[in-house]
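Accompanying notes for the structure given below.
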C-alpha cells in the first residue's frame, strides 16, 4: 500500500483528494493536515466523512523531511509549498503539488504573475502533470506540478489544433466558465451565497494567473511562443468548468481534418471523450468524474472553429488528476480509483 | 455474476440504478428498456454514460416470463408493473419493483389512494424492502417492493420512537422537503426550471400518496393503527430529502432515553448515521451516497421532540436501496457497490 | 417631504429600504450610514444604484439627537440601537427600528434570549409594528419596533385562528423555510455559496430568537400565554419565507368557519392575500413585493389544519413593512411606494 | 390614457409586459390574450397578479383590424404576427412586435434563418426598435420591431467601437450567456429544472437566429457587411444576459479613445450605464431593471478589447424595451414606467 500524506486537506480540492484516496484500493492515508482545523476530527469539518473516516487533522508538519510516507500531496496557496520542500524530501518520497509553485518553467513569468519563487533550484526537476500530454515524464519524476483547473481544460481543448497546425496560433480566445468551488472555501463577499447566486460575471479579465500557465503549455504545442485571451467567468453552480474556445482556421481546414487530429491525439485516452458531431460539452455529464469532454463546430461563414470542453474542476481539474498522476508515478493502472461515472442529476 | 434487467431505465431512478449496477462487481446488465427511448443508445439519453456503456435501450419486453435473467428491476409509474408480472416470472427470477404497486399490504388503502390493483394475488408474497427494518424477510422473497423516497426517510426517523413508546402515537407531523429529481424526468410546468427555481412551496398537502405507505409501516412499529400529517415541499435543488418530524414526548422521556432507542435500533447499521447531540441532518452530507443521517433535539419547553433525517432521494430513496435489497436477496455483502462517500460540494 | 436617515444601510435589509425610500414619492433620503463602508459611494457597495443615487455612506452618527430629520431607520445587530437612542431623540423625530431591541415587551424574556437591555425605560413607548394587527397604536408612536421576518409570517398566519378559538392553543408547530438573504450580508461558512447551495437543513432547532417574539404576539391573540415549536430551515434561494404551520382543530371546526375567520381579519387588507381553496402559498408569487399570501388545508383524517404563508423576507419581513409603518405613522396612504407586483420569474 | 392590447400575454415576455403596463401611469390594458389559457383568470396563470388584476385571458382576436385600441403588443413565435397584421390595422393603431418577424430588413436572410415571410410588403415600414440607436425613426413608425434579447445586448456593446473604427470589423466574437427565462415558458427537456440546474453549456453554436439580426445592425454601424461569431450559453439562473465580446483593436487605439467613444454615444443615455475602469458588467446589477451595463478592458499583450455588457433579458431584452419604444412612439417621457432599480439580491 502507498502511504499518503495530505497537507492542506480541508480546502475543497484537498477534501476531494482525501475522498478519492480513501476509496483508492492501493492507498493508505497516513495523515491529513490543516492550518485552520488542526486537532479537529476530519468528519467534523466535512460531514460526508462522518462514521467513515475517524482521523484528526494534524497541524502542518514542521519538517516534512521526517515524514515516513511514500507520497505527499500539497494543496496550498501559492508560495507555501515551495518554501516547505527540499531535495532531501524528494529523495525520500514523491511530492504531488496541487498548487501553482512548480507549474511554470519560466521563473520570470512566475515572478511577474505571482511572487518571488522560493525553490528555483527544484524547478527543473518538476514535471507538469497534464497526464495525457506528459505521461512519459510523469513516470519518472519525484516532483509533480499538478495543473490548474482552467488550464487543464483549456490546454486539452487546444493542443491537437496547434500541434497539427490547424489554426492561426495567435487567434486563440478562451472564454471560460467555472462553478464556485473554483474559488475555494475561504470566505469572500464575491462567493457569499446571495452575492453570486442568480448572476454571472467575468472576473480578472486579462489578468488571471492561469493565463501564463496556458500560454506556456500551448507554446510547447505550437512550437513557438504564443499569447491567448483567457477570460474566466463565475457561474452560479457548485462544480464544473466549461471552456468555449475560438480560433481562426488555417485556410482550407475542414471538419474531417480536425476530427482526425483530435482522434489521433486523444482517441485512446480513457479520460478524454470526443463528442459526436453536433454535440457540445456540458458540465453536467462530467461532474463528479475525471473525464474531459470535447466537442467542436466549424463556422464556415467566419472560418473559425469553436471548441467546447468540460471538466469537473475539483476532479480532472485538481484531485482526480492528482490521483491519476500518482497512479502513473507508482506504476499503477492509470484509472485506479477514478472509474466513477458522473451521478446525474447531481 | 448476477444478470440484471432494468425496465424503466430512462427515468431518474432507473438511470441511477443503471449507474450503480454498472459499478457493481457482481452484476452484469442484461438489458435496459425504455418506452420513450427504445432503440436509442443509452449514452445518447444520458451523456454521463458516453463511451462507458455501449448499449441500446430496448422496448419494454412483451412477455417478461421469457427473460433469461436473475433479477428484474422495474422503475415504472404505478399500475404498470403489477400488470406485467406473474407467479411464473417470480419462479424464474427475482423482481425488485421501485414503483408503488406492492408497497401497501392493504389493498383497499391502495385502491383508495392509487387505482384498481392488477395483481392482488401476489401482494402477500411481496416484502416491503426497507432494509434496516425487514432484513430477514427480504432475504427470502422473490418480490421486493422497494420503498418510496419520502417514506424511507420518514419511517427510519420515527420507528425507534414508536417501538419504544417514547412518543404520543397520534401526534406525529412530518414536514418533508425534496429536491426536484423527486418529481421525475417527465415534463411539467411545476418542474420547468424557471417555475421552481428560487421558490419553495408545499404541494399535495394532506393528499400525498406516500402518506398511507408511511402510516402502514409506522402502524406496524406502533403496534396499532396510526395516522400522521405528511406535507411534502419542493426545494430548488437537484437531490436530497430532509424530513423534519415533530411528536409529543411521552411524559418523562429525556434525551438519553431517546438516544439509546436510536442506538439500539440503528447502532450497528452501516447506512444509518446517528448524528452527535446538537447536530441536525443536512442533505448535502448524504447526497450521492446511500446514507440516512438522523439528528434530534428535545424542546423541553413544549415537551416535543424534533427529529431531522436526510437521504439522497435517488439513492437510499430509490436506486441505492434497490441495490441494497438485491445484495440481501442474493446473499452478497450488503454494502457491495454502495460504499461511496458523498462528493462535496456537489 | 419626509427627511429620512438610515443607519445600517449596507446590510441587505438596509439596502432594500434605501431602494424603497428612493422610489417613495414623499421621502428624501438625508443620509445613509454604514460601519463597514463609511466614506464609500453607496453605488460602489451596491452596483444597482450606479448612476441612480450619488451619495456617500457616512459613519454612524455619534449623537443622533442632533440629526435634523423626520424619521430615522435603524437596521443594526441587536443591542446597538437601544444604546443609541434616547427620549430626546424620540421627541425630535420618529424612529423605526428594524432590529430586535424593542420587539419584546417582556424584558426578562428579552434578556434570556438576547442580552442585557440598554433602554428598558423606552420599552413601554415602543409599538410592535405588525401593521395589520397594530395599526392604531402605530399611528401614534414615535418608536416603532419593526417585526422580524419569520415572525411577521408566522404571526399573520396564526392570529385569526387563535383569536377565533379555532385551534388548540398549545398545539402550534411552525416549520419555517427561508432564503439565504435572511442570514444577512456578513461572511459566514454557513452562507458561503458552495456550502448552502443544493442543500437544505434545519438550524437553531428549538433555539431561534424569533420564537419568543412569535409567542408574545400569539399570546396576545390567544388571550393567554402560549408556547410554540418554531423550526427555521435554510433554503438555497435568495429571498422568501414560507411558513408551514400545523395545529389541532377545535372539535367541530370546518373549512367555512376557518375561511370566514381569515376573511374577517384580513379581507380588507391590501397586503394580505387569502388564496382560493386548494391553493398553497409559494414564495415566488410574493418575492419582490410587500404581500403576504396565506393558504390552508384541513386534514379531516387527523383533524389538523395546515396553513401555508409566504412573504418576501426583505420586504414584508423587513424594509417593506418599515415603509408601511412609516406611511401609517406619517398619515400617508398605507401602500405608498409599495405597490409593486412581484416580477416573475426572478 | 393609452389603450393597450397584448397578444401572447402568457409567455414570460408577455407577462413581464403586462406587469410593466399595469404599473405604467399612462396605460390602460384593454385585453390580454392567450392561446393556451384563454378564458382563464390571468391571476390563475400568474399568481403574482392575484387580487391585483382581475382580468380574463381572451382568445387571440380573429381580426385585429377591429380592435379599438391605441397600441397592440404581440409576443408570439415567429411567423404568426406577420400573418395577422395588415396595413389597415397599422392605420388604426400602432403595433409593437416583440417577435422576430420584422427585425430583419433583408427578407432573404430572414427566409434563410427562419421561414417564408408572410408580410414582405410591410417590412419597409417596420422600424428596428433599439431605442438608443434608432430613436428618431421610432418616433414616426406604426410598426415597431422590438429587438431580441441577445441582440440588444450585443449591438449596444459593439456599436460605438464599429462606428468609430476602433476595431477590426471582422474580428468580433460574442460569447453570450443567458438565464433560462430566455428559453420561454414552453416545456422542454433542456429547460426541465434538473436538466439545466448546476450545469452550463453552449447551444446552437454558429446557428442561433439572433446572429443575422446582430450582423445586420452591426453592418449598419460598420458601414459595410460584417460577420460575427455568436455563441449563446445557458446559465442556471432565471434572468439576465451577459455578453463577453472580443475584437482586435485597430493599431494604436488606447483606453481613453475607447472610453470617449462610449461616452460620446451613450453618455446621455439614461438606460445605458458605462462602468468605471476595471469594473465589468454583472447581470445581478441590472436584473429587474431596464438598464444596460457596459464595461471593457484592453489587453495590451494581445491588442484585443474585451467588452462585457449585461441586461435583464425580459426587460431591456424584451418587455422593458417595448415599453420604452411605446413611450417614444407616443411622445411620453422615455423612462415612464421604467424607473425601477434592480432589487438586490433577487
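Letters A, B, C and D name the chains as they come in the text, with residue numbers starting at 1 for each one.
We take it that contacts are C-beta pairs under 8 Å (C-beta built on N, C-alpha and C of every residue); 3 or more make two chains touch, one makes a residue touch a chain.
Note that the coordinates shown come from a computational prediction; the quantities given were computed from them, not determined experimentally.
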item: Over-half contact-pair match to A-C, picked out of the listed pairs A-D, B-C or B-D; value: B-D
item: Chain located farthest away, centre of chain B as origin (C-alpha); value: D
item: Between chain B and chain C, centroid-to-centroid distance (C-alpha), Å; value: 39
item: Centroid distance [mean C-alpha coordinates] between chain D and chain B, Å; value: 46
item: Centre distance in Å when chain C and chain D are each reduced to the mean of their C-alpha atoms; value: 37
item: Residues within chain B bordering two or more other chains; value: 12, 179, 181, 194-195, 197-198, 236-239, 282, 284, 287, 345-346
item: Touch list for chain A against partner chain B, complex; value: 12, 15-16, 19, 22-23, 46-52, 181, 198, 238-239, 273, 275, 279, 282, 284-289, 293, 339-346
item: Residue numbers on chain D that touch chain B, as the complex places them; value: 12, 179-181, 185, 187-189, 191-198, 236-238
item: Footprint of chain C on chain B - complex, ascending; value: 170, 173, 175, 177, 179, 194-195, 197-203, 205-206, 227-229, 231, 233, 235-240, 242, 244, 246, 280-284, 287, 297-299, 301-302, 304, 306, 308, 345-346
